[in-house]
């Protein structure tokens, strides 16, 4: 809005003709006219990492993007990054760190505002771990405390019931499950909080690459469950962060 | 086998030439040669009702079939029978009885051997009731004791846990669930017995007429679960009966 | 937990033998042991209506359930309720009210805690209105302020841009869209808040009863979007309420 | 139940205050409270192997899990285990054995109760053999006698009819078939026993990785057939065992 | 070809200039140039009825088309014709006849050449009868002898084996089956002749309107089976006729 | 752009303070800022009708929308309008006209610029006629000359070849076909022009409501074919108009 | 039937007691009772090769099967055989021959009866060639004359029209096409003969591995077309042979 | 038409008998009779490259086809050509050029007529680039000016609004988008021109290889959008060229 005000002021002061003003406004980036990104929480955005989705990019492409971001001094996170991608990034940015289970690398440059609430990440089986870690590490890098509750799937449902107090303490719960994906319904049935369900492509036979778990979660009869795409741990972690932020942030920002 | 023996005896006694015998055997119903229905439990079959699948048949057609069966004096059951179908049957066979929730009518002519074991039928929500009742009444008409455990779906999962002793007493468990169908996995995760899962077409949106529950059940990570077709309460009740019969029958047959 | 404590005290005082205690605990409802419903916000739950999903139930069944709830004096809401259902309910509970666009009836008995934050409900086209209203009225009955932003679909996208300040003021945004469902992505691309996307079955041809919009929303490249089932306005309103509640409640409860 | 009894006894004897008892009970594993696994047949469970699903796990992960189980001295079986997985397991547990056709390895530590009844495993074509063997070996390791009836598919249906007496002697029949999966219907049409159908992903063209056989089996017009997931030989073998156990066990347990 | 020859002759005789000839040829219907319908068996076509596919047409439209055909004096058959359609046709063409089971009406004006071979039409269940009759009556109206073998589905497979001699006498076999559609594979496995399989939409649950039977038939492991569209009895009857005609025709044409 | 210029001029002349200007601009409809509808051919738009998609709207809703449009004096067209909808519209706007085959009503208020080029609409079978007419009438109301080439499907392909000169004269060709949809490929194979293919839901069996024709058209091996949604005659007519307009317009606008 | 006669004769002559006969009959292979393979054309079967479907078998398995067949002195054909499979077969059976385009190997041991009629195999594009060759070589090895009409797809449809006389001379036509599969409809529209359509998995995008072509062919509006599974050239060649055989065989058998 | 005229002239002059003429005409390629390719713009076709679809062809096959085309002296383009294919082509045709991003190689032999209008190619994300380039380079090689507008997807929608003037100047717009494919709707909503949408298979989870984007685009509520197959950049570029040509060509042809 400020550039627009500038232009108006110059027209008022006769420093700019109307035609010059029109021409200038026409070339003004859309964003600067105030119609773009509704971002009144800019303060909160400090430290929010810029994200590179590495899948389908060559290591060289990832490095090039990472270096450009690094030059801006912001935090960076790269998702779906294999170790060979990270090795290349590390050559260019030596203090990059790697979370192998989550397949995420990160470059930390500035502190992140910490959200007060807790995010719980529950997963059904060991094979769901990479997706669960993608969600958990994403949430952590965005400034959230995360507690993990793994291997609490329906086949070992007593482990879930033994750890109910983690669910009790959380503000938001991410549930990661493949095969039949029933865990989301069970959790949604016993808590009264936002639950984000992530179907995974883990399974075989008529699992259809996660379709089975996706449909289960969409059709859950427990209220308050919303769903992200199959294997989309990043999306779940990000949405959980946006929700958790509503509960307020600490006074001090900190390194993730 | 008896007709075959008869023929051989007549050949032996010279009452039948070889060519006559061959000709006769060629026309002998396949079944009588002993290669059909492997049925060494014929004793157990006494009282097993003949079944009419009424869906897609006119009331007239159903009545005609029922009358033909009635003439043989066997027990009869008609599934997917609306009340209007039953009314027509009742006119022809006045002592026919109707189970409105199960949409089944039955004609009882002879006692049925009683299986010793108990079949539990659990269902997730009230809308699954017709399918659950179809399974339960089918099992009862085939000579089984049945206990119903309704409305114990994942959204009200504590009701299931409050009634675990029913599952404990049962030999076979039929689980009926629509929407996300998670109940089968939960039950399969806490018992160590044959579980027959029946997906129902109850639900909306991306439920796809029961496909969602079907896939959930097929992909269940709990062992020992097998699945029948969507809404196929009859099939589940029948399979449960075949399994339950393995646990032995009472000495006395009784009216179902 | 209290019953458990009771038992322990009685054992301590010798009023109960260990065997009696064991027997008693075995029969104790699961819920009373404190492992059920994690519900430490019971205070906040005051006024939360009990919900009847009317689809697939006869008016008589709905009335019976509503009367039972009414006897408990809680608020009630019935979703997917046609006017003929409401008429029957009104005979039994004369002060029931009806929201025809949302196909919801409600009985208000006690004040509801008001969440501080605002929920925006945006919809793409006029045909999406019933689902959008289901979400909006659900959120209102649960104690939320709601602003509606209708007919801002991609074909009339300038209307969305003219109303960005509504999105700016909201804490949570529900986006309802059928056909190609692109509105969720556009909104998710310009705000930095939780967005709950509701695909609707509005459309024709290769829309496949909402599958098209569902897939679009699941695959959205904008971060922070989560999805509920096709046409599930209630689910979206409920999840939006759970999220909005994280931002705190007013001191005074009020009638919805 | 024993730990609970212990706690009660200590409270009775004044060795534990009520608060200490409550705190202790809160941390007590759910299972020990007796509400988990409904397992009144613990005697029968002796020798039941613990199962590792190897697909999607690295050989190292499998070895680690196997060693942990081995330390408990129970029987172990690993399914979907390639030979290279087995080789690694063998290094750690030298007396592990391998069933290459079934892709199963096993470690036998204790005798298993033998079920009295016979399980027949019938398969349609040679390519269905790995799934059929997975079912057969699973059932054997769980303590069942198994007879194999391979290559009796519909194209060579006379081979099935030549071996009817195997079906006659069996208590439960597992039918494994890919392509059009018609064998399950044929078997279901001639026997009066529990039939567990396993669709396989064998086939090509519009087979859709086993979907074709899955649908055939779900839609079978023969009563008493239940279905497991595509290629799920283990699940079929396990369910067949649970059913077969209903017919009683031998007095002596034996090595599988 | 004759018109083309005519033109050439006229050019040769100088009765037509080259330009006139070119102009004439340009306007000549494509068909008359001999490149259309490859129809060297015109003699055999005598009596082949013209076909009206009535589904999706109003009775008025059907009557109008039928009258136009009737004016040409050819035989007529109308498929998918409800009785109400037939009643209207009968008013306009009083000697039209109706086959209610096949939902076909016919107007016979001229004798049809009779094929020597026999077509067998086998069907699995009573509900498949309308499609089977559509195939059978179509074949009869095209000049074939047809034998029906109904209710020989896999559940009652002994009835098929009791009637093998019908299959033996046939040149071509049409197999009509819904639900799991296994009958086609069974027939294809025991005969060495062209088998045309017709999946029907009979069934319920995961039958998906005949998709299940369609996939079964396409994936049949028995050689020599080809498939037509779901419920397409007409198509099967027509294809069977084309095949049967290869075995030669009687000297005398006759009324169908 | 003009309102923006106005504001700038007023600021220049001191008639508006900068703050007033900013406030005004904020409220200015997005469109007027020149960033909306890229519409430099406004002249050409004269007479382009406003469109009401009637499906899923009540007659009352359609009438209300039509009256509001009518008040603006523009041309109006309503698609998917049954006769009962038209009857209501006619009561409110007596000179509305109806195209029953196309299920379109129109209100003509001003002349439309005529495109020079010809649009050909070819359809495969009689049942495709409603969709073909929707495309044709749409194009006509938008100011195009249209020639219809109906019933030229692949089964009667010689009729297409006999009418090639229509295709030769057209600038754009709309091809409407159901069942197997092969007509689009055939036309695309013989012309070198833009072809817009419209799959229709006409067919039965494995047609899946038009999916079959849709896939055929998307997979066409003939270059230059683009596809619209199933049954979307309006969309095809509209796209054909946009393309045809590129070939220039007549000097005189005329009533459609 | 002969063994049955034998038994009867022995009973007649007193060489066999009735019980011995019964026992013997029980063990008699089903086939020998004359109820198996309806094969009254045994003479015609001379030379018909035994078939090995090599896909999914190791070279060693194929060789073993081939050697066993070779020992019986019958002709052999192996389909879906890569060159590496053939090389192994050749080592064991040096006079085996290979058709690389068809991926078929054959061992010729005895002359085959020649069918009088001609089979035409038409294919749409070069990539369909392997499937077309599989059909053509299969038909040739079964004793048919085959003419190939390749690359006559809809995009180059004039090439089809230039070669109509091949279609004219054929008794049966196999049409092989991927992508949109329209060629089958075009051919079916211009001939009056049995057409067997083979969809191929050639294509990309929304081709779904041949589903697109499969649906096109099933929905063809041209009568007389039947369909085999995707890429099933062997099935088409085999069915074409069964049909072609109805037109009679030459007096002399010959090497294929 | 010329060969036909020739024949007629020879008949007129007596140089050819009528029978010789008929025989000759019968063998005359269909095309030469003037019924094939409706190609009245032959002048415009000068320079239009012959196209090789390289996917699924070996480098040797591509080279062979390219050499044959090269011998005719026409322009050539090869799509879906990996670099290793190009290297082989370059050996045979040294002046072949390669567009690596578009995976296209080209051989330019003659100038191409230039279309006056501009084609804009917009794409949503970096991963859509190969498909976008295939469209852009195709259009350029066919004689069009192309402007690229990349990375303007919905997540960065302001970039699109900042570049509206490119859309303003274009005659035809190709929109390439994967994941949820919403870009096509946004563009279609703000321009009034032909838009060709290309779904790409970019994405993951429930993207189903581009099906998600395909459905989005087919269901777009913006008018004037037509769709090509998933990833079919070539098809979009070709169709855009056919449309753009309607706006007229420059007087001078030029090298692409």
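A, B, C, D, E, F, G and H label the chains in the order they appear, each numbered from 1.
As a working rule, a residue touches a chain if its C-beta (ideal position, glycine included) is under 8 Å from a C-beta of that chain, and two chains touch if they have at least 3 such contacts.
Note that the coordinates shown come from a computational prediction; the quantities given were computed from them, not determined experimentally.
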Overlap of the chain A and chain B neighbour lists contains C, D
F-H or D-G - the one linked by more C-beta pairs in contact: F-H
Most remote chain w.r.t. Chain F, using mean C-alpha positions, is D
Determine, using the mean of C-alpha atoms as each chain's centre, which chain is farthest from chain H. B
Using mean C-alpha positions as chain centres, tell me how far chain B is from chain C in Å, no decimals. 40
CA centre of chain A versus CA centre of chain C: separation in Å? 25
Chain-centre distance (mean CA atoms) for chain A and chain E, in whole Å, is 61
Residue numbers in chain H touching two or more further chains are 30, 35-37, 161, 190, 205-207, 211, 214, 218-219, 223, 229-230
Per the touch criterion, the pairs are A-B, A-C, A-D, A-F, A-H, B-C, B-D, B-E, B-G, C-D, C-F, C-H, D-E, D-G, E-F, E-G, E-H, F-G, F-H, G-H
Can you check the complex and tell me which residues of chain G touch chain D? 29-31, 36-37, 55-57, 61, 199, 201, 210-211, 214, 229-232
Quick one: in the complex, what on chain G touches chain H? 126-127, 158-159, 161-162, 202, 204-207
If you look only at chain B, which of its residues touch chain D in the complex? 35-41, 45, 51, 117, 161, 164, 167-168, 171-172, 190-194, 196, 214, 218-219, 223-230, 234-236, 238-239, 242-244, 246-247
For a test of understanding, state which residues of chain C touch chain H in their complex under the given definition. 124-125, 153-157, 179-182, 185-186, 188-190, 203, 205-208, 211-213, 215-223
Inside the complex, what are the residues of chain H that reach chain E? 1, 4-5, 8-9, 11-12, 14, 17-18, 21-22, 25, 30, 33-35
